[in-house]
Amino acid sequence: MSTDQIAEMAWSADEMMTVSAARSLTNTDTCFVGIGIPSTAAILAKATHAPGLTLIYESGTIDTNPSQLPLSIGDGELAQTALTVVSIPEIFNYWLQAGRIKIGFLGAAQIDKFGNINTTIIGSSYDNPKVRLPGAGGATEIAGACIYTTIICRQSTRTFLEKIDFITSCGFGKGPGSRKEYGLTGKGPRNVITDIGILEPDPDSCELVLTQIHVNVTVEHALRSTGWALKISDNLKVTQPPTERELEILRTLNTTSNAHT
Amino acid sequence: MSTDQIAEMAWSADEMMTVSAARSLTNTDTCFVGIGIPSTAAILAKATHAPGLTLIYESGTIDTNPSQLPLSIGDGELAQTALTVVSIPEIFNYWLQAGRIKIGFLGAAQIDKFGNINTTIIGSSYDNPKVRLPGAGGATEIAGACIYTTIICRQSTRTFLEKIDFITSCGFGKGPGSRKEYGLTGKGPRNVITDIGILEPDPDSCELVLTQIHVNVTVEHALRSTGWALKISDNLKVTQPPTERELEILRTLNTTSNAHT
Amino acid sequence: MIRTLSDAIKDLVHDGESVAMEGFTHLIPFSAADEIIRQGIKDLTLIRMTPDLIYDRMIGAGCASKLVFSWGGNPGVGSLHRFRDAIENSWPRPLEIEEHTHAGLANRYLAGASGLPFAILRGYQGSDLLDHTENVKIIDCPFTGERLAAVKAINPDVTIIHAQQADRNGNVLLWGITGIQKEAALAAKKVIVTVEEIVESFEPKMNSAIIPAFVISAICICPKGSAPSYALDYYERDNDAYIAWNIISKERETFVAWLDKEVLNSPVDVVQS
Amino acid sequence: MIRTLSDAIKDLVHDGESVAMEGFTHLIPFSAADEIIRQGIKDLTLIRMTPDLIYDRMIGAGCASKLVFSWGGNPGVGSLHRFRDAIENSWPRPLEIEEHTHAGLANRYLAGASGLPFAILRGYQGSDLLDHTENVKIIDCPFTGERLAAVKAINPDVTIIHAQQADRNGNVLLWGITGIQKEAALAAKKVIVTVEEIVESFEPKMNSAIIPAFVISAICICPKGSAPSYALDYYERDNDAYIAWNIISKERETFVAWLDKEVLNSPVDVVQS
């Protein structure tokens, strides 16, 4: 982006990403939420257009209604405002694994064109990693069992790679047919929402295609920020800018949190 | 028994059986209790010499303290006086199956000399039974997983059989080695307590042997009431008669219940 | 989502479906059963750990062609006569049975609720039941080689349960002996919950379970909907009714007369929120 | 059964054992961890879904030779630096790791608590983790042929958890996010529970779990025993301490100075009932 474009923007790229992710959720969705920007986006959706959205965290909190952003996935706020809290085996076995959750909201340190994500290690050796990341947590089974997943992460050539260092959680694996081969019951990534735009899988090839670009971002910038030859949809849409209300509520949420996301 | 013997008795044969079963429990035992006489005996033990006894019912009630006899295994009294109530999968998987319960108290419609019991059908055909009994309920896994079981039932040639019509719950199966072959983790029947006496398995052959006879009952009567050639212990003991306190508490319990056991 | 019982049964329970009506001694959904009888729904595969009086009524009324169960008695009283008459004499029609142990059937529900095709347990082995039941296989542990029972998941077309309370959003709270209800509900394709009452908010209870609205198809307000079983903190178990059932159900004639008077000509009160 | 923490750790936790200290964000047993560090216990196999600050301290202090885990970050903040330094640079000693997914490790505890040698789940497949972890195998469903993950049961030598309350008989009540604590406790050979306080009787709480005395080895009274995590209705999560840890733990020198001052020379208060 040019400095002019940046100067024009009344919002940050992260804000545009978070607002876009929030908009992807509807009032009747159930959403399994990871901590960080995915959680911020889900809470923003609930505070704006989707008050009926059901939020579920892997800490076992079902239909929780936090008024501020939790720092951890098991903050007291999440338990106190939940319809119910169940044990960890129950949340994974009865709720996630059984395919009851429509959308899984996930982050990623690296992602490839089939929506496979890495949150485990950076480097070529699992045993001697250059950087040791936190690992799978709930992500592997969220990616497997939610009806759809949405992956939310900043887009750059460091994160959007032809080949990622480790597949922690499967998107479309090696392409069409992989999910079935692995016995994954959900349909896989519905979209990847970034600070640049929105990518969606091609229904035939399963490859992620840029289908939407945020206002004031160029296609050239999108191409330069992707480590593979990114395909652009013939029908590329432009994201509506954040509304005043979306920005106001998002910024209020961010000030109520200690989260360094 | 002669009519003289009966006239002398200040208690019934069922009362002697129930008191004997109660006495077999200690203050530190945990006991998985079936409904009917097993439940009466366990509650009697807790009301007399074993106040610390932990009672567990398959309805999920753990450490329950009923003041009266429940008619069903899930009476409100059992839930209201319990330390905690857990779900049915939890009581069977986490508590029974894991081998946490020392004694399982079971009844039987038929029993053989290896302590195998039938509560399923009377007759030669499972598909066209002469009498359809209730079936396994919790008994099969209680017989498998409790550290020991105690079987409580009236002794007669209709119930104590060389070959029972159906093995619902395994005692020692076909004899030594069977429990291991079936993967049963508990040690099997510790004793069978009847209205005539107490039978215990021979450590080598696993065959039930009469080791104790109730006061005023003859060995001849025991032999005539058993459908196999009952072995009598060289060291046959005689049961102490019920104490006044045992009888008084037992009779009070029986009057507080609707149970027709 | 809050509907009359007759509408909910009409829309959600159909001839030939598999129906689980659970509640372990406590919170047995009798009102819903009576409505199924009144609507003349047939050829059901009835699933329940303890058929109890609820299925004795339905079997005697001719609703069932198959029964999946694990203990078929009148608790503390004796036999279920209609259940026995169906098995021993095929009256009023033949009844196929699939018999399990409590632990086995509980784990079939658990697998169903978990979205798994099967569950494992230490069970059935050493019992003749293994030779006479379906949906149980013995498998080897891939780590230790131990032999264990595998039971196939059960996923009823409809599960019906009774609970003490629902809120206005259709979330359900039950407490006391919660039995297998959560698993039976989560294993099913459709879920009907009858409740004692609708409340504004839930108060903390010892040993409670909450079932969120988003897995429930219909809520029906049925005060005393689990009598003659009980609803903890609402009414007690009617032990006399369980004892009286032994007489009523013993002969076909007395049963038919009772059914006619107490169920077929005794329509449910229409309660709407 | 109610004992001082130092006595309980001395008697029940030994060099070379496997130790699970659970609490999912909530009720993390920090006081017990600090006492293990003070007693210089070594060569532990530490098991925990989220190593969190509690194991970052213990790993940095040299207590562990192996870690079994499923998510190793500082929640909402970033990396666990002592965990990374051990894996990336073998400081203060090499740390073997066995890595799982949350669902996988939760089911390993579940199998352990159930007395089963393994559990099954839909998991791990499609992830490279399958090639780099132990105790996971892919098996076929005996009914449908579907391929599922089997995870081996985990049965720690000792499980340590923190709870809000115990009664005088040694029964334990916890509420709020109850996590994996019941399964971790029931899977273990020995169980230590630190509690905020002893109460005369338990009041009903939403979403509570009770662990009966007869499966517990020792209860220790440790007020604020889960700080800087939190105990619902007692104290809140100290988010600032989680953020500050990022600075303290980043360099070995600042960590060692902190450990020396805040743990090694800061003995636990002796609280006896």
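Which chain is which? They are A, B, C and D, in the order written, and residues in each are numbered from 1.
The definition used in the following text is that contacts are C-beta pairs under 8 Å (C-beta built on N, C-alpha and C of every residue); 3 or more make two chains touch, one makes a residue touch a chain.
The structure presented is a predicted model; accordingly, all values stated were derived computationally and were not measured.
Novice: Return the chains common to the contact lists of chain A and chain C.
Specialist: Per touch definition, common to chain A and chain C: D.
Novice: Report which interface contains more C-beta contacts, comparing B-D against A-D.
Specialist: Counting C-beta pairs in contact for B-D and A-D gives the edge to A-D.
Novice: Please work out the Cα centroid separation of chain B and chain D, and write it as a whole number of Å.
Specialist: Chain centres of chain B and chain D, defined by C-alpha means, are spaced 41 Å apart.
Novice: Taking the mean of the C-alpha atoms as each chain's centre, how many Å separate chain A from chain B?
Specialist: Measuring from centre to centre gives 58 Å for this pair.
Novice: Nearest whole angstrom, what separates the Cα centre of chain A from the Cα centre of chain D?
Specialist: Centre separation, chain A to chain D: 28 Å.
Novice: Could you tell me which residues belong to chain D and also touch two or more other chains?
Specialist: Each of 115-116, 121-122, 146, 148, 182-183, 206 in chain D touches at least two other chains.
Novice: Which positions in chain B are in touch with at least two other chains?
Specialist: Residues 84, 93, 97, 145, 185 of chain B touch two or more partner chains.
Novice: Which two-chain combinations qualify as touching?
Specialist: Here the touching pairs of chains are A-C, A-D, B-C, B-D, C-D.
Novice: For the complex, give me every residue of chain D touching chain C.
Specialist: Residues of chain D touching chain C: 115-122, 135, 137, 139, 141-144, 146, 148, 150, 152, 202, 204-206, 208.
Novice: Touching chain A in the complex: which residues of chain D?
Specialist: 24-26, 49-50, 69-73, 75-80, 83-84, 87-88, 99-103, 106-107, 109-110, 121-129, 132, 146-148, 176-180, 182-183, 206-207, 209, 230, 232, 236-237, 239-240, 242-243
Novice: Taking the complex as given, what residues does chain B use to touch chain D?
Specialist: Those in contact with chain D are residues 30, 54, 62-63, 83-84, 93-94, 97-100, 145, 185.
Novice: Under the stated contact criterion, what part of chain C meets chain A in this complex?
Specialist: Result: residues 113-116, 171, 182-183, 186, 210, 212, 214-215 of chain C touch chain A.
Novice: Which residues of chain B touch chain C in their complex?
Specialist: 35-36, 58-61, 70-76, 78-80, 82, 84-89, 92-93, 96-97, 120, 126, 128-141, 143-145, 166-170, 173, 178-179, 182-185, 258-261
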